[in-house]
């Protein structure tokens, strides 16, 4: 049976998520091109490996040649100094969409983040129609990416699914993680649906498993047919349900952004 | 055990849906009166059979005599010339509600259609509070029926459940059908709930099974206690998930109305 | 200075509104074609006169030849038997849009009615995004026209402004009329804005003057730049402000549709 | 393993719900203080028993001493004369929150009621953002409690979960009860989540099991991670689904408040 | 010319607002009955004077005899101890509506307060559909009155206009007062419209003049035809526009309730 | 009489808007510091002049020393290559807010742009709660600025009014400009209100005069007390009202962004 795409590109393939996803991409395309600014090791069967600095316009154009769709996981993936965030997440995303447009690529799946709305309270339910409330430079850079991809849809018809990824690690160990946890299988499913749904326009989806008490309402992306099969439920017992009244106004408890609220904004070190 | 109604009427009983539903109506009433403009064959036990042209006011009044509730599936059920649509779906519905009012019948279940909102995009989630966006003469005629039945509720207290029926055929074979599929058991259940819920007022419900990625949000009719037990999930594997980028702006892909978008509006042949 | 259109058509030109508007149309086009099923008298300078039964498809096509834009005021304009309403307001409007499409006419101003929402209460504020609530066959036929014109916009890009006209007579003499009154100059202004605004899409506007306490919120059509200069205020003193508690649940007081609520639905006389 | 609280207080512990809940509270705290104006019998292991008239400010302050969190089930729990409602549900709640504030207690779970919105129709879906529509003095007194607890959150940061409790009896025997039924295990779970969720602010939750056709949408309290495991489904078969058209406008059928609509408002007997 | 009512009652006639309004009530009725718990002096022509303690059920019934409509300005009108608020604003309002119902009086104008929503921020725009956010016991008692009057409308059809009165004193001298100011003539106009509009149902209106920058959106009561002719604009120049950054989080600046936020909640002195 | 601030800073003072505003700033502060990357000429009385490249972090910090509030008009103000936009509008704004935070400055007025929402249609009414829809790199950079300033409010309490400035030139000469025109006096008034309103939080306001048919609804910033006194009305007569049907789908007519829709996205020249 033939695969849906001839060639897809995953950026950020050497990163935390990228390396966990690498082995799951074969189903999507005959050739999976992997790229990163870091070393990716040798290409495995069905793979191509490309070294690319997203801030370098020519390298990005080169990287995108011959590609049918892109999973854009590249760039800085945590709160840090603004300078590298600007290079990779702002200039990098501009470079990417310029290449996408020039080359006639029609679909991008963009790894956005729940930190685009980290300043909502943990007692609020957020959906994709609500204004963004980023919690740091990282979050602001992801708002930029969502906004830029919206522009490329509105003006040029390039389709993007922005996935606001939750806490995607093997286990949830805090109350916040119980709400925001995303299992790897569910992420793979969401990538599949984002790549293969015939028509996606510009869609903001929430990358979160079927966790009880999750904060995010995915009603606007429901047409993607994403149906999580994983859940943070099994981890719930290990997370002590004791109420700690010692710091009731602690920002990391009050806001969805959690520990990011404790990170100072930095320009460069 | 006695049945909920003494006599119910189903119009359009010789049609596609009507003939599949015929054998499932016995539970609702001691006598099931079936009517159509086409031949219905002989009455079976528990049935009455009536020949009726919905455009004929006197025949319609006659057809409704002695009836406790009506399942109105009669009329034109697809996009075609306007003339027969006007006769059956506009004049026919006016005739029906006039008879209902005159005879003191208190509840109607009206087979409306998803084509009342076929001009929403497949990337939008639709609920019953959103403005109608019909995709052809057929859809406009169903908007007319919903509007007329609303009038009879607002002014005369006659209750109607308008069911916006999806794709009600044994199998789903396209992406659109995966989203809009309605299993027959689920339809029977929805008829049951529409007939037997003590109080329904004027309600717009979506006739759709528990399909992943369905486009319609039934929150406004949730009180009906309809809980689909069927799903298009089993058909999903047979529908190729390949992205066909050859016609990205093809109306039949962009809009919920699907293939109806390819049918020209016709006056008469 | 040249006029905005070469030729516009006004239907219903012999009717109550049509005859009051007749002399005000010269500014819009070099030639004003007037049509009605009733006699219009001889054409005056700058006019053409056409006899047309809206229910006659060929006559309608003929009537629309060579026209740049249409003010569609034709059809039945009050609550009456359904048969003539169906002929003129349903079939008539289908005939009209078929001709418009065939002939490549790009803009229609459709005289809709406040009776599309007559079943809202006089204590509610209505805007164009709210579901229609017609108060009779006439209101339902206007819902049909709004729905059909929406279809022609969604599928064919034909622009329509639907004006939900209020009480357009020289004087307001009841509480209801104080709320719904529309001065003739304001109507002319609204026609002007509906014809000349560069882009209108499919828009529902409220034809009402700057009356204190008006029930309708025009926020969705504000871009038309309509700014009423008339008001029912001068009539307010003549309308006794006495509270009549004798019939507090009188439908004509409770609902926006007013006296239409007292008219029985009739099929034909 | 230690329990989440050192001492919690349940008021109304001798009442219908209170006495059913009594044995389920041990998991929440090392010491469960029970209070009521009626006799509670002797304290069992892990319990303290306090006699308290909620209308008595000093008794209430005394009752709250040394408490970490409160389950406030005390007061009048049905439609009755206003005088006792005012004493227990209005003055009583003022006394309680004054004590809570004075003593630095940080969380209350308040037994509110579905009768705060009993005047919505059974064909409407209600959520916590909609205006209250109480159906009697009892309902109004619960609106008062919700409003007062909101004040204590907004001004003093005292957290409250208001649970609008449904029909919490062993079995559902009417259509209304099928919609509003709350199983005891589900109530205990909801109390647990209300007590132990790290941050609740001021939240209105619906105390209802996973009933098909339930009228209440809990989206605003979803973060509590309450997931009902009980349902009225098993009772549905025993509730005759016959449509009784004899009294279609019977308030007890039309409004969510049900039988309370048949109770006259009384001052005192 | 005859006056609209035979007899109206104004409660609280000796209070701050009551005494300023007294001379303006003659236009509404042939006989104006004034009542207060305090001394009202002798009745003037066209007046009746009644001494009444609102907490006394029998006195209230007596006071309402023979009355066609009520302006209910009685009760406590500022933040103070809860005990007198409960007596006058809670029990008093229950007594009033019981009498209104018993005597068949059909309309009440209830002096509610902006302090029902004092915990919204001064940077928010509030309308009548938003949840109440009272800022003290006084505000909570007004929420109670709004809720009780809603009950009497929903169950018994008694009409009430709740006027959330702003700052109704001769001059505005602070930023808050510029936003909330209500001129006396405007208040009289609003009373007139509330009394004389043929149908008001249960309506929440904002008692505020045409102040630039006002916080309240009256869209839900626009049908009352209230059109303020006064404005705080003339006072604006006298209010220094200096930004005082010394206490940016001062509750009295942050919240609409203003100085009430600085008043401690008190039980009794 | 003393001025509201001791020292304010206006960036971009040599630009088109900046130079027109320069003479109007004296009322706001004893000292007006003007800055630009271009030459500003000599300081006039009451002025200080600073040369500053916004992309230079140290220069920006220096520029902000001793300042009480900032009018940030600096940066690129039109659609152009991304590189200079990134330097001035992205890095520049990060530098600015870092300095603001470090120096304890409490209020910024940020010159945002209507191009943050240029992809809405000219038939839509936009308000500040709707998702941004930028029409080019310039618009995306302004979305970035709005998002960053929101972050500084949410985390650090720094207040910003983002003014989405319309067409601020002496005359309106196209249909689009009639809708978006902003008179200079109105802009000065809006700056005054943005600087002097005691509490603004993070607010998005629309910089537009009282133009008939304007596309933007300022309800969320109404508390600022901005009341335009200018209007594009006088220019309306000079703008031909002829409907040009030759290019009905021309993006510059369809979308609010207008001529920007005709500018290709460029990286650098």
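In this document, chain identifiers A, B, C, D, E and F correspond to the written order of the chains, with residue numbering beginning at 1 in each.
We take it that a residue touches a chain if its C-beta (ideal position, glycine included) is under 8 Å from a C-beta of that chain, and two chains touch if they have at least 3 such contacts.
Chain labels with UniProt names: A, B, C, D, E, F = Uronate dehydrogenase.
All of these numbers come straight from a predicted model, not from anything done at the bench.
Asker: Which chains sit in contact with both members of the pair chain A (Uronate dehydrogenase) and chain C (Uronate dehydrogenase)?
Answerer: Per touch definition, common to chain A (Uronate dehydrogenase) and chain C (Uronate dehydrogenase): B, F.
Asker: Tell me whether chain E (Uronate dehydrogenase) and chain F (Uronate dehydrogenase), two copies of the same sequence, contact each other through the same residue numbers or different ones, using over half shared as the line for same.
Answerer: Different residues, largely: of all residue numbers at this interface, under half are found in both copies.
Asker: Going by more than half of the contact pairs matching by residue number, which of B-C, A-B or D-E reproduces the interface of A-D?
Answerer: A-B
Asker: Using CA atom averages as chain centres, what separation in Å is found between chain D (Uronate dehydrogenase) and chain F (Uronate dehydrogenase)?
Answerer: 51
Asker: Please work out the Cα centroid separation of chain A (Uronate dehydrogenase) and chain F (Uronate dehydrogenase), and write it as a whole number of Å.
Answerer: 31
Asker: Would you kindly tell me how far, in whole Å, the mean C-alpha position of chain E (Uronate dehydrogenase) lies from that of chain C (Uronate dehydrogenase)?
Answerer: The answer is 41 Å.
Asker: Provide the list of chain D (Uronate dehydrogenase) residues touching at least two other chains, using ranges where the numbers run on.
Answerer: In chain D (Uronate dehydrogenase), no residue touches at least two other chains, as defined above.
Asker: Following the definition at the start, I'd like every touching pair of chains, please.
Answerer: A-B, A-D, A-F, B-C, B-D, C-E, C-F, D-E, E-F
Asker: Provide the residue numbers of chain B (Uronate dehydrogenase) that touch chain A (Uronate dehydrogenase) in the complex, in ascending order.
Answerer: Going by the criterion above, the answer is residues 121-125, 175, 178-179, 212-215, 217, 236, 241-245, 248-249, 253-254.
Asker: Inside the complex, what are the residues of chain A (Uronate dehydrogenase) that reach chain F (Uronate dehydrogenase)?
Answerer: Those in contact with chain F (Uronate dehydrogenase) are residues 57, 82, 86, 90-91, 94, 98, 101, 119, 129, 131-137, 139-140, 143-144, 147-148, 150-151, 154-155, 251, 261, 265, 267.
Asker: Please output the residues of chain F (Uronate dehydrogenase) touching chain E (Uronate dehydrogenase) within their complex, sorted ascending.
Answerer: 2, 4-5, 68-69, 106-107, 157, 192-193, 195-201, 203, 219-220, 222-227
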